[in-house]
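In the two complexes that follow, subunit A is the common piece, with subunit B as its partner first and subunit C second.
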Partner chain A sequence: MTLLADLSPVRRIREFNLTWSDVGPFLALVALLVIGFAINPEFLSTTNLANVITRSAFTAIIGVGATFVISSGGLDLSVGSMAAFITGVMIMFMNRLAPDLVGWAIPAGMAMAVLVGLFCGLGNGLIVTVGRIEPFIATLGTMGIFRALITYLSDGGSIPIDRSLRDLYRPVYFGTVAGMPIPILISLVVAAAGAFLLYKTKYGRECSAVGANEDVARYSGISVVRTRTVAYVIQGVCVAIAAICYVPRLGAATPTTGLLWELQVITAVVIGGTALRGGKGHIWGTIAGAVILELIANLMVISDLVSEYLVAAVQGTIIIIAMLIQRFSK
Partner chain B sequence: MLKRNLFAAIAVGSMLTVGGHAIAADKKVIAVSIPAADHGWTSGVVYHAQAAAKEINAAFPGVEVIVKTSPSAAAQVSALEDLTASRKIDALVILPYSSEELTTPVKTVKESGAFITVVDRGLNDPTIQDLYVAGDNIAVGKTTAKFLVDKLGGKGDLVVLRGIPTVIDDERIKGFQDGIKGSGLKILDIQYAHWNSDEAFKLMQDYLAKYPHIDAVWANDDDMLLGVLEAVKQAKRTDIKFALGGNGMKDIVKKVIDGDKMTPIETPYPPAMIKTAIWMTAAHLIGNAPARGTVKLDAPLITKANANEYYFPNSPF
Partner chain C sequence: MSAHARIEESRVDALAASAIVANSVEPVLRAENLTKQYGLATVLSEVSLDVLPGEIQAIIGENGAGKSTLMRILSGYVEPTEGAIWMEGRQLSFLRPSEAQEAGIALVHQEILLADALTVMENLFLGRTLGRWGLADDRRMRRLAAEKLAEIGCAVSPSAIVGAIPLADKQLVQIARALLDEHKVVIFDEPTAVLTGEEVRRLQEVILGLKSRGIAVLYISHRLDEVQQLADKVTVLRDGKLIGSYPGRTLSQMDMARLMVGRELAALYPEKASKPSGEPVLSVRNAHVPGYVEDVSFTLRKGEILGFAGMIGAGRTELFEGLIGLRPARASVQLDGKPIHFQSPRAALDAGISYLTEDRKGKGLLLQERLAPNLTLSALARIHPGLYLRRSREAAAIKEAVAKYDIRVKSYSARAGELSGGNQQKLLLAKVMMTNPSVVIIDEPTRGIDIANKAQIYAFIRALVTEGRACIVISSDMQELIGVCDRILVMREGRIRGEASGDKMTEHEIAFLATSEVVGPIGAGDLM
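This part shows the complex of A and B:
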């Protein structure tokens, strides 16, 4: 306790002393915007930017949870399949309630999604902490389980949302508040909540401490099991929030929903400045990382520079260059 | 101790069921081996295979159709071994996961005397098959292209979304390019969206941002078309006259039936072709109807007039 109390003033001083890993992702973001504008001015049009940032909301929201898991020294490969599974359960639940509750089926479905996400995360957490299984293997296992469950629930086809709910729910992805698309607002709120939890609370400090050095954290009286499990629960809830924003976009869950999202998310977290081996997490960096990934993909289509066959190679190269710049600027 | 007894009970139980099958061995057995449902099209294959099995088993007491799904090429090889190990099968209807890995195992089944029907994806050695049933991917592209050339009066700007780099994708694109050749239709852009609705949604948003004027969109699969339509709806663009897909997904065929303006036609690559294959195999076995040869299903234009023929409301696809 006293140790943690002593740490906080030190941290406060360091906040003014910005490191590369704090500002790096944002500089990269600005650089990308400038390059994009030079290639095709259409890139910076409000519509295009709104589209791209709205799309990045899923990666950003899930990334906030992943920042907790990774900063506490864990990893979660199951987030993509979990998103698909939660989406499926949520739609089925809403469709069942739609005839009786009409519009109220939507908030009920959202509550259900959060509940399912919470339990999925808790499951992952307990397997890793109490079961003492390597996070990579544990979540690779649950990744397969969630993917199989959504395939089973949908008979390999799709689970579409009830027609009566479709138009009511649509604004959650396509609507705006004061000109700002709702998914962007939701990801900002999630990020702000995440930043508060990670930087301003005891739990946040415990999370980084466990990730930085498990043994030292344990000797300081921090419950490693509890801290890590809670990180996975936060991850589960974040996946559920992302699923809530995702459902109105195409209005269906399929076995290919959320495919490879886990890699997108992990990449966003790492581009954002959080080390894969754990330690200090960078919530806002993760958000920047998520936007950067979508911007790169967008730029590939908007520009005519690259053959359609080479798009993935160029994306990979840009990510590696971004990471190298971060590494050597320290 | 208790555990061992339980195992013994299960073992005896499973032997009994195997025995049960053996007693019914005077029936003609048609084994159907298909990929497990992992996306829209394969889920349609599973649905139609099971429907055919149910219908034939009910209609002809002398025939037993067994459907086995496999989640990978390796699993399909094992499934073939399991199907032939415990009994003699009279015919095998197979939609192979991959041509390379399945060729030798199917040859082994053939050597046991079974009639072999291959569906959709050919084997490396075509002499193995007695009957080959497939759709026409080139025609899927060509039919759509002809429709656009006709309706747009021979000129216009198009964007195209293609699937996963495979022979199927290449053939559809080639058919489309051949179809518009010589006309004034121009493909502004063509990119991969991996037969995935979400990727297609993003790609279409990008196309819309990049090109101020687009006359028509072609997504070479209906999963992608769903994403395209959502992006067009969001952008509220009025320049886009047609957004077309391909494959015969029920949601899209329904649009054709309802007379949708933007998607008035569809081109089929029907998963129901597995049903054609199973029925023809049954006809050969019990009806002595000649069935050896190659059946290539056309990809005719589905319009409001004939759409009901391609509409399966209960299928997952």
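This part shows the complex of A and C:
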């Protein structure tokens, strides 16, 4: 029997074929900068851009974690109230230590925040994986729990950071290193670490595989429970890092801290090119998405074209457009 | 089908000459010169067909012969590139299945297309709810549903939830759905693939019932014994072309196979092992998989290809999924003489047991991913011992696999979903071998792939065991098992019912063990 060759010989091993979801967010970012400059040249000033990007840092940092959760096929609605809860616990912890430790209370508080974030993420992850509850429902539940806990801890009011720590802690948000605002630096470091983990390690490969097709992952000997749970833990740690940066800006944790952040974060991830159904995650796209969201808000404030009260409407429109692009570019 | 299917050209010619040329009765359905092209590929080429009232016409052919395309054209799911269809002398120009149904043609799909969350009755009347003044008339629908189900001998209640009934009953519900309206032509696309002995018999009664009411039946099946029993006329397709239509019962199963294949087949299967199998590698005692498998014991030897035969639902896949930790199971297993128990597929892989799933698109490959990540997915730790992934190692691995398993790809950066079924299967085989297993379990090695790729895969499987590994092949294709395996175990209803080896490795013996009843003659016809 003859086995006919029906295909041309194999071509070179490396090829770069970029898709819309790879470059789209960055093109949108550039387009937005150009439009902004046309409307108001002040928009491109270093001060304004630094301000805007600093403000986007929280969304970006949490978004890196969300990229892991979403590309592993999950979803986390609890990030906003988790951030508030972590901030509250952290401030209370620091305030308690401040009389004895003074400045050392801050790193202790930060370590506490990371620990709390880790356990919050672990809780979410175990409910979803071991408890086999839909991520939407599981994190809707914990969202309510975290929000209620911060309301309870603050007694409905606010938990302000101790006077003795306020000035010491201030540079974490308002300081710069070599002219670069610290929150921007931190978000770049988090994104670089996230990109390394997602694209260059075995865990990252397994995370995408679980999100792309849970059955294929299982049949390939990958533990779906472990992989997904770790994604939620990464998310929890990212929320803690964002909370640590956020403390100086507000000076207190209140029941409204981090309200609706989950929507901002999910929007940033989705317009960054990561598919909500799981699979391939786009870390740098998420960063671009977070910046895009803040740029639009900023643009609406400094121009008189559209009322700034409509910011949320414009962001809502953008997420829908991003989803439509994902659907039709297939 | 190896040695005994050697073609005598003269016999094929003689058979071809016996084809029916003209009919005396006016056909109810006539297809003329149907051609279907997808881009440059012609999947159906000038096929003409007459279907007479009250006739059971079987359509046979290999995978890719164009049977399904032809049936989809006749039932309005696919538009032909060229050709015409007449129904009782009136030319049809339908573009939609609903128009074909109005013309009196119904198709019973091969796949189960029912809504699991709804009841049997709701499924039967889905899209054509009976009612008055906008209200659903449940009582009337339930009565009609019960009647129709009874007519085809299906015992499920109309109010049962479809998701909870067995697969075979779902197939019967699907048939009931197609028969709900009065049709002039009913097309069955491999209706018996998921049915077992008794259900097959009932379905055949249903078909004979249709015939007696003057309804024409077009019947696609891979089971030539069924075709021989039932068909009044047998139409053979090969490579998208019509080979001919022949009066039923004049063709033996061997004749049908010859007409379907039409060429030398001796090289399809590799030579069997020359030396006897070595020492036991895998020994399984008293395996239980709750709900699927009861008390199964077997031994796999080094250098051996052991086949597992049985009907769909016999528990073969579940047995091995249980043994490697993909589903809960109990068994005492020894690998190379050491007792083991796998809690997870990872543990099985690490111990040297690899499983190739029957569902390559759903469970085997990440279709959106490129080739290298697919190839290395179950062996990441082995290929990348350090902290991070090394591109160069992946590139080398895929290059080697593409060469070794002759995977035809346009470029290394292609995505797995872009490969043909045969090449996907070869990629999957390469993936399963990446963990360097000593025992390879292959579930349905060649489902839905063409004959050239089949022959290659059989050769690869034989090469695996020649290298000193041991292999288990699960297949629903009895000829494949007979052609490839050194020994075959037959399962039925979760238990091993017997072994076929040596001279007893025949389709008849396996079918007998798999159903524990000789597939009895319904119309006429004799078993070969």
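Keep this in mind: the second predicted complex is superposed on the first by the 292 of 330 C-alpha atoms of A that agree within 3 Å, B and C clash if a C-alpha of one lies under 4 Å from a C-alpha of the other, contacts with A are read in each partner's own complex, and residues count from 1 in each chain.
Operating definition for what follows: a residue touches a chain if its C-beta (ideal position, glycine included) is under 8 Å from a C-beta of that chain, and two chains touch if they have at least 3 such contacts.
Predicted model, so just to flag it, every value in this text is computed and none were measured.
Once the two complexes are overlaid on the shared chain, A:Lys200 sits against subunit C while remaining clear of subunit B. In the superposed model, A:Ser45 makes contact with subunit B only, not with subunit C. When the two structures are aligned on the shared chain, A:Tyr219 is found in touch with subunit C, with no touch to subunit B.
In the superposition on chain A, A:Arg327 makes contact with neither subunit B nor subunit C. Of the two partner chains placed around the shared chain by superposition, neither subunit B nor subunit C is touched by A:Arg163. Of the two partner chains placed by the overlay, only subunit B lies in contact with A:Ile302; subunit C stays clear of it. In the complex of the two chains, the subunit C residues touching subunit A come out as 263-268, 326, 344-346, 348-349, 355, 357, 359, 362-369, 373, 377-378, 380-381, 384, 387-389, 395, 399, 402, 408-413, 431, 435, 451-452, 455-456.
Those residues of subunit A whose C-beta lies close enough to touch subunit B in the complex are 40, 42, 45, 47-48, 51, 55, 151, 154-158, 160, 174, 249-250, 252, 254-257, 259, 297-298, 301-302, 308-309, 311. Of all the residues in subunit B, the ones that touch subunit A in their complex are 36-40, 42-44, 46-47, 162, 165, 189-192, 196-198, 201-203, 205-207, 209-210, 223, 226-227, 230, 234-235, 251, 315-317. Listing the residues of subunit A that touch subunit C in their complex gives 1, 3-8, 10-15, 17, 196, 200-202, 204-206, 208-209, 212-213, 215-223, 279-280.
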